[in-house]
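In the two complexes that follow, chain A is the common piece, with chain B as its partner first and chain C second.
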Partner chain A sequence: MTFSMKRVNAIFQKDLKDILRNSAVSLTASMPLIIAFVMGKMSDDIAVDGHYMVINIAMVTVGSFIQCCLIAEEKEKNTLRGLMLSPASTLEILGGKSLLSLIAMMIIVLIGAFLTGYHPEQIVVIAIAILFTSFFFIGLGTLLGLLAKSVMEASVIIMPFMIVFGFGSMATMFADKYPILKVMDYTPNTQLAAIAVKVESGIGLGGVWLNFGIIALWIIGVFVLTSIVFKRKRMD
Partner chain B sequence: MGLQFTSVEKRLNDSLIFPEFNLHSGSNQVTAIYSSLNVRNTLLQMLIREIPILIGEIHINNVEISKANLSDIGFSFLNEGLYERLTVVEQLNFYRKLYSADISTATILRKVHLEEKRNVRIKKLSYSEQRRIQFAKLLIQNPEQFIFEEPDQNIDIETQRVLIIMLEELRAKGKSVLILTGNMESAVILADKVFKLDQSGLHEIQIARESEEDISPISEASAEIDKTEIQPARFEKIPTKVNEKIVLFDPPEIDYIESNDGQSSLHINGEAFPTMFTMNELEERLQHFGFFRCHRSYIVNLQKVREVITWTRNSYSLILDDERKSNIPLSKTKMAEMKVMLGLK
Partner chain C sequence: MENIIEVQSLEKVFANETALEDVSFHVKKGEIFGFLGPSGSGKTTTIKILTGQLNQTGGKATVFGEPVSGMKKGESRKKIGVLTDNSGLYSRLSIYDNLKLYCVLYEVPEQRIADVLALVNLTEEKKKVVSKLSKGMLQRVILARTLLHEPELLFLDEPTSALDPVNSQHIHSGLRELKARGTTIFLTTHDMNEAELLCDRVAFLNKGQIRLMDEPGKLRKQYSDSTMTVELKNNEKVVLTSTAEDAGKMFDFMSSNQVVAIHSNEPTLGDIFVEVTGRKLS
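Entry: the complex of A and B
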């Protein structure tokens, strides 16, 4: 079966129309914007960590959560079987959905950054870093979507990840007291923030390759896990 | 071409679900398998490769099912979901892109009678209208092989008409259609060939639509009615067997009688009671109570008939006035006879 962009596009458009009318999902997706708006109003000078809290929350709630809901809802509403029996391959189905999650995430991240007033020094490096990290979050959403059986389950299953990856950077503050929290220094979201801090201090792409490497490991990890889960569950 | 089952058998642990059978569902015809839910699910799961076929083979267009492209088969499942938040047109356009179909959405909408609802969200459609969207999907997909699961369960008359006309068109186009159902009436109404599949195997149910008898018995029938009316009153209850008990039914209670594998059953308020009489005996006994042999396998109580529906020029059915609005097939030759009985013509 050949990979057809036309079918990916059909699934993308269908999901877009569907998600815009799904108030539960669109409300959740707008949550980071509310946080960004409040933060932006509270102070004029927000630290880099502050900007990245909003960006990270946006990535988890929009990227992972939308992706997870899109897959889980197909199962819940019994539409997945029809889709699997259509000429569309699994790759095309997931491709269409990932495309939607990615675009939605980018829009929310951009608006969020605008509201908090984030102006990075080297916009290209930051853009690459965010795009790169977003692959991890979409992979995570796909993984959770395969595990969840309904939208209800999806919104519960996403919670721990929202806390770890969204607010995880806060936990590093207590790392002195509880050494175990040092682990949080290596999550993709803290690595993304670390890249941003380094870039802010004038280090170019050459100085952040280690952080990119760690994020890449996360991406590989989540994709391997997703394919294992997919083979075992066959999507339903 | 078509769908070919070769010595397919299924056992689950100790029980036999169905023994070896061969069946060919060819082009230009509608084949129905009348079976229990269990058998139906097993067959469907085999067809979509959810469970392996351990004994026997299924071929689709001469390709073994495990190698075939499942997107070449048009499935209509009973519990197939739709994207509730999309409108009818959006959903159909999605299918059109998914299947890269050329047919226009307007044509499809007309065929499934959903033109007025084109911009209504699917969530707001009735069950029957949602079912019609599934039929629309199959028209868009336009495969060589169609498989329907319970196509006319719980659907309204309009949808039944859409379905029957659609099947007529598919026949004309040379497609092969397989219907899996647990409802004898719908199997007889929709299909050309009806098979029953259970533990004892596959048996063809003779439905022989036309030609079995010519129109001549009409005059005989009316003559007989006169004859029986003069006879003195005699015991007219119909005995049936329920477990080891014999239950007697008054003829006016009976909605209709169905014959299945040589066994006649009385249908009363949605329940079936087997009786030891043959259809011919029952026909004779019940004639002067206003019963009518509307089909080779059906005798109907004319008092209970509410509507006579003409699906196409040579396919009819009777809708009864009972709670379930039962749908009884009426064969073409019997239609003429019935008109006489009703005093039309």
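Entry: the complex of A and C
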């Protein structure tokens, strides 16, 4: 397995040029910002959960949804085949395909947090937590994009995942009535919010390692699935 | 001469049907090898196996002396170029930007872009956005991309099937130039004229089996019935065989100045295909 940053960068540059001419993507990316803007206007004192609602929506729309559509478009237009037949390795192709979504997601999360007025206690821990959780969302988008045959199909397949991993934390409110919803406590987004709440109450990195661990399990799971699916697709 | 591709008793069985059955052939260095057959005969499946996109279920296949499972390595990929009906381009990017990406992927200098665009006659159009191109231009851009890294071996899966005659001719002349430079080409087509024009050797594929394989000229001679048709001034057409009696007739036609034209009745590859397989192409 080779890894050349040149190849990753070339795919990134290509995607960047491409995305700037793709109005559907910019429209989707602006949606979390509109929500953040409205929330920021409505209230001066937003609770941690409120900030994370925006951060979560930003992560799932940019990290998962856009990533999923970008990958699915490569399949639909038969361009992924060309990348797979080139000397580029799996890691280079998927790395290149993820870099743009990752950077875009970070930018949208930052602007969103600015608009809702989120000032975390321990910025470093929070930054690490968000970056770490990003890998899950990007991985999820990549996986679903590889499974879909077209952008249209991708945008349908991803919907239930967007609800669970983007808006799922709201469901925990009804967990008393429907115990099944307890599983939502263990999704990466809920764990990320849990880290944020702990950090806000003064707990440091040492007190949140279990939450990190749970997120790590999700990341490993989604990465393993993605590489299996990619290898399959490589062989048609 | 050195064999670039060697295939021995290749077999591919999909879940519910056999796509290739006991297929054996070899491709020599520097030749254009035509793989001819109607739709569904197994041409694309063969290319996919030879380029490491599909595993065979039986038999042996080597490319550059290595088993095809080795085609997944980067170094092997640099030696081959693959053009199939599912090769795509980035529609929102220019021709140039599409090619630039592949320069990096294959580690060739960006100057190569000018060379390949000249070869497919698209130098003027390089700034054009791909979504604005005609079908013929698209196919030429894909061919240009396939040639960027100067592959020693080229797999072309029906490269002209969607093109009009003018665009097909562009591609044909490009392929002849590549052959002149020593590139080995594995070409699938259901266009028999294309095969006659370009191929050094052809194999007829039908329902996953090779029915016949040779040089087009030899096949035509082998399947010729050694007759000729003489067109006379009175619009009559007379078929003559190589007998003393017909030679006498020919002498009479010629000495009385009645002959307009003489055609040897060599069959076309298409005729031979129908004779061998009982099936029409396309």
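One rule holds for everything that comes next: the second predicted complex is superposed on the first by the 232 of 236 C-alpha atoms of A that agree within 3 Å, B and C clash if a C-alpha of one lies under 4 Å from a C-alpha of the other, contacts with A are read in each partner's own complex, and residues count from 1 in each chain.
The rule is short, and it goes like this: a contact is a pair of C-beta atoms (placed from the backbone, for glycine too) under 8 Å apart; a residue touches a chain by one contact, two chains touch by 3 or more.
All figures in this text were calculated on a predicted structure; none of them were measured in a lab.
J.: Mind checking chain B and chain C on superposed chain A, clash or fit?
T.: On the superposed model, which is not a single observed complex, chain B and chain C clash.
J.: If we overlay the two complexes on their shared chain A, which of chain B and chain C does A:Ala88 touch? Say first, second, both or neither.
T.: both
J.: For A:Lys77, select first, second, both or neither according to whether it touches chain B, chain C, the two together, or no partner.
T.: Both partners, chain B and chain C.
J.: May I ask you to name which of chain B and chain C touches more residues of chain A?
T.: C
J.: In the overlay, answer first, second, both or neither for which of chain B and chain C A:Pro160 touches.
T.: Neither: A:Pro160 stays clear of chain B and chain C.
J.: Give one of first, second, both or neither to describe whether A:Asp18 is in contact with chain B, with chain C, with both, or with none.
T.: The answer is both, since A:Asp18 touches chain B and chain C.
J.: Just to be sure I read the superposition right, which of the two partners does A:Ala10 touch: chain B = first, chain C = second, or both, or neither?
T.: Touch partners of A:Ala10: chain B and chain C.
J.: Given the superposition on chain A, at which of 207-215, 243-251 or 261-269 does chain B overlap chain C?
T.: The one stretch of chain B in steric conflict with chain C is 261-269.
J.: Counting contacts the way the document defines them, which residues of chain A are shared by the two interfaces, the one with chain B and the one with chain C?
T.: 6-7, 9-11, 13-14, 17-18, 21-22, 77-79, 81-82, 85-88
J.: Inside the complex, what are the residues of chain C that reach chain A?
T.: For this pair, the touching residues of chain C are 48, 51, 53-55, 72, 74-75, 77-78, 82, 84, 86-93, 97, 100-102, 104-107, 145.
J.: So in the complex, the part of chain A that touches chain C is made up of which residues?
T.: It comes out as residues 2, 6-7, 9-11, 13-14, 17-18, 21-22, 77-79, 81-89, 234-236.
J.: Under the stated contact criterion, what part of chain A meets chain B in this complex?
T.: Residue positions touching the partner: 4, 6-7, 9-11, 13-14, 17-18, 21-22, 77-79, 81-82, 85-88.
J.: For the complex, which residues does chain B have touching chain A?
T.: 48, 70-71, 73, 75, 77, 79-86, 90, 94, 97-100, 121, 137, 141
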